[in-house]
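See the structures that follow.
Both complexes below contain chain A, partnered by chain B and then by chain C.
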Partner chain A sequence: MSSKVALTGNEALAQAMRQINPDVVAAYPITPQTAMVQTFSQFVADGEVDTEYVTVESEHSAMSATVGASAAGARAMTATAANGLALMWEVLYIASGTRLPIVMPVVNRALSGPINIHCDHSDAMGARDSGWIQLYAENAQEAYDNAIQALRISEHKDVMLPTMVNLDGFITSHAVESLEILADSDVKEFIGEYKAEHHLLDSKNPIAVGPLDLQDFYFEHKMQQSIAMENSKEVILEVAKEYKELSGREYEFFEEYKLDDAEIGIVALNSTAGTAKGAVDNLREQGVKAGLLKIRVYRPFPGEEIAEVLKSLKAVAVLDRAESFSTNGGPVFGDIRSILYNIKADVEVVNYIYGLGGRDIKVGEIESVYRDLEEIIDSGNVKNRVSHLGVRE
Partner chain B sequence: MKLKEAAKTKERLTGGHRLCSGCGAGTATNLIMRASKNPAVVGCATGCLEVSTTIYPFTAWEDSFIHNAFENVAATISGVEAAYRSLVKQGKMDEEFDFIAFGGDGGTYDIGFQSLSGAMERGHNMVYICYDNGAYMNTGIQRSSATPKGANTTTSPAGKVIPGKQQYKKELTDIMVAHNIPYVAQASLFKPQDLLRKAQKAFETKGPAFINVIATCPRGWRSRAEKGIELTKVAADTCAWPLFEVEEGKWKLNYKPKKKKPIEEWLRQQGRFKHLFKKGNEHLIEEIQEHTDQRWEYLLEMCEKD
Partner chain C sequence: MIKPGDGYKSIPKGGLILEGGNAKRYNTGGWRTKKPVLDKDRCINCHLCWAFCPDVSILSKDGVVSDQIDYDHCKGCGICANECPVNAIEMVKE
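And then the complex of A and B:
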């Protein structure tokens, strides 16, 4: 029996962690993730979980200890944000390269400097090529659902890759929402027991984890990792299907919102998708054929599938909540443009970098983006390929 | 355990690894592993010991082994040990294990210092072994905070104006004592029985134990490979590397030279100190002698007090 509850995003994720009942959690507090690990610490202190909670002295050690625990055959989790994720950077690659199925909520926050504690995606976007699966969520419900599914995806034998479960700092992590939490027993059954095929605590079959891998093997191992990422696509969909049977909630690589007959569309991640839905609704009332594509799975990037949907539009705006400083637009923009080029789609794609450091994005601003797209179609001409939305001159 | 018995135990760091001949790290590790009575999980920081013993698809380790990165072996073994405790608590594991982390001086005194301090403070049941060869040997003999004063390294070269490393080495063993962990020791290769005993003690300790062992490096020290063990005796006789242990806060000296030798004897046998013997550098050796004497006096005081 699932139950309807009012929780913040952080509390919802702490609940997911309680239900997952990992063998080990090694985590370090950082705003806006803090409430998640505090709440979870209380579950540990109250004996509600079997977890050994390792109160590490840094995020570098958080990820390092999580790697150690996972290599020892444990179900191991951590959680972080922004600078914490940046401090883990070296070990993120070791976790994925060692093929450890670690699940980590990341409460998206702007990277320093200057220091800022509010939402943007510069943290997760910086880690997009680290070999982690990346899931994004519009709200606390989705973040909770993604966390539970992430276990199954990561631990699948054809995948064995770590997953980041992203949610927007403050906007999702701190706002109270009404959401549905599954029954503990259902989660337990859904995720099952984790049995590592090889691990450090098997004294009859000792193994060497993380050996020096030179020119003669490293490339093959990276190839295997790449294939695993490819495999994860099918697994993500299978797990979503099973999860739907359990929860009634449907998940795919992305959500299409009023795209069927749309002529102009926006691509967005996380909570901004909710705001964009408001804009789409307003514009639809005015007869504008606007739609939205909300990316849930950003790594692996479901390029072909996204291209298939976007190709019928006339103009698309990609919203990036991160600067790449390439001077050619943000990270999501680069990916979207490139897949549309593959299929020679006749769609104009423009980019808006917005919301850095927690700058609010309002329905009106998103409507103005759709207006820009209309203008592009009318004039047949793109004035600004890349713009910064909502920044003072 | 007697040395003779130790020699009969199964080799757990096997031959065929690629450490240089005369490398103290291998000798120390081999002996320490013989003191472990349980299956072990060995962690190794990036460095000579790691790169030479696990080159894919080979391993010289009989036990489970994990290398994560340069600065995080203590955190990594913390995670392994936490996993073990969790599984025991859940009734999924009942076997005994030893958890061991090996780090060079670079991976321990410098870049891995925070990770080590955290792991010791949290009280994991693990043994941390620092094999101190006094520089970043794996990457070509760069100075570390364990490099002795005056040593010529590739990042503290003896030049026309600067005569090698400018700072005395960090007393890491004392810093570990300040963590109030149950067992801390400093050991050496010329006293294998003492090293074995300390390793055994460390494995038997409930909670964290730390051993700092001097590890000859003929390549970095510019010393003769066959003189390695002898050289560690000179280190003890000149008090450059004293042997002591601190158990539950009680200091104990484990080796008192019959006649304390001048520091020159230690410096002279190593090419890394050659420039100190040039005319005009006499004061440097005097300063090093003075520092060594003070350190020795301090140790005597700490050990006599207890």
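And then the complex of A and C:
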């Protein structure tokens, strides 16, 4: 039996971690993730889980200890945010390159400097090419559901890649929401027992992990990673299907909100998608054919599938909660525009960088983006390919 | 066993080496510029060279240090010659 509970996003993820009952968690507290690992460490202290909790002195050590535990055959998890993720950087690549199925919630927060602790996606977007699968969540329910599914995706034999479970700092991590959590026994059954094919504690079959890998084989190992990322697409859908049977909640690569007959659309990730749904509803009442595409799976990038949906629109705005400083727009914009070019779609795509450092994004601002799209269609002109939404001059 | 030239479809994932003790197959002797040569007439069989060699290349059989050094794996670091108390080991240019 699942139960309806009122929890913050951090508490919901701590509950997911309790139900997953990892063999090892090595984590370092950082705002806005702190409450997640703090709550989980209480579960450890109270004996509610069997987890070996390693208190480390930094995120570099947190990810290193998690890598070590995973290489030893443990189901290992950690969690972080912002500068913590940045400090893990080199070890992120070691985790994915060594094909360790680590699952890590990332509470999205701006990277310093200047120092800021509030929500944007500069942390996770910087890590988008680190070989980790990236899932994004509109609210605490989705973050919880993604965390449970992430175990199955990462540990699938055709994948064996780590996964970041992203949720918005403060907006999702600290707001109390009503959500359903599964029964402990259902989660246990769903994720099953993790049995690593090869691990360091298997004394009968000794292996070496992380040896020098130079010109002669490194490229082949990267190719394997690339294929695993491709394989993960099918696994993500399979796991979602099975999860729907268990939970009744449906997940795909992305969610289409009122896109069927839409002429203009917005692409967004995480909590802003919820705000955008409000804007879509308002505009629909006024007869505007507006829709939303909310990306759940950003790595691997379901390019063909997204292009198939967006190609029927007349104009699309991509909302990026991260600056790439490329002077050509944000990271999601680059990906979306590129896939539409592949199919030579006749749809204008513009970019809005917004919400940096936790700057609030309001329904009215998103409505103004849709109005801009209407103007692009009417005039046939794009005045600003890339705009910064909500910044003061 | 992985062979040179193997492709991504056949090699283990993530750079794993799925067997133990295989460093033996990696001949590091080619790195050497000078090789140790042991003069058995001077050798007092103290085994310091044997104990200090980082590559297990000084061989000992039945309690006697052999002048048959494992040149497949000796990198020519010269530690053995440095440690020898009776100067029985000379580093000779390859």
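The definition used in the following text is that the second predicted complex is superposed on the first by the 393 of 393 C-alpha atoms of A that agree within 3 Å, B and C clash if a C-alpha of one lies under 4 Å from a C-alpha of the other, contacts with A are read in each partner's own complex, and residues count from 1 in each chain.
Operating definition for what follows: a residue touches a chain if its C-beta (ideal position, glycine included) is under 8 Å from a C-beta of that chain, and two chains touch if they have at least 3 such contacts.
None of the values given here were measured: they were computed from a predicted structure.
By the touch criterion stated above, A:Asp213 is placed in contact with chain B and with chain C alike.
Of the two partner chains, chain B is the only one touched by A:Thr66; chain C is not. By the document's definition of touching, neither partner reaches A:Glu375: not chain B, not chain C. In the superposed model, A:Glu230 lies in contact with neither chain B nor chain C. Contact with neither chain B nor chain C is seen for A:Glu242 once the two complexes are overlaid on the shared chain. For chain A, the partner with contacts to more residues, out of chain B and chain C, is B. Note: residues 206-211, 213, 217 of chain A belong to the chain B contact set and to the chain C contact set alike, using the contact criterion stated above. Across the interface of their complex, chain C is touched by residues 97-100, 160, 198, 205-211, 213, 216-218, 220-221, 223-224, 227-228 of chain A.
Every residue of chain A that touches chain B in the complex is listed here, in rising order: 23-24, 26, 50-52, 54-58, 60-62, 64-74, 76, 90-91, 94, 200-203, 206-214, 217. Chain B makes touch with chain A in their complex at residues 39, 41, 43, 50-51, 54-59, 61-69, 71-72, 74-87, 89-90, 93, 95, 97, 114-115, 117-119, 121-122.
Taken in their complex, chain C has these residues touching chain A: 2, 4, 6-8, 11-22.
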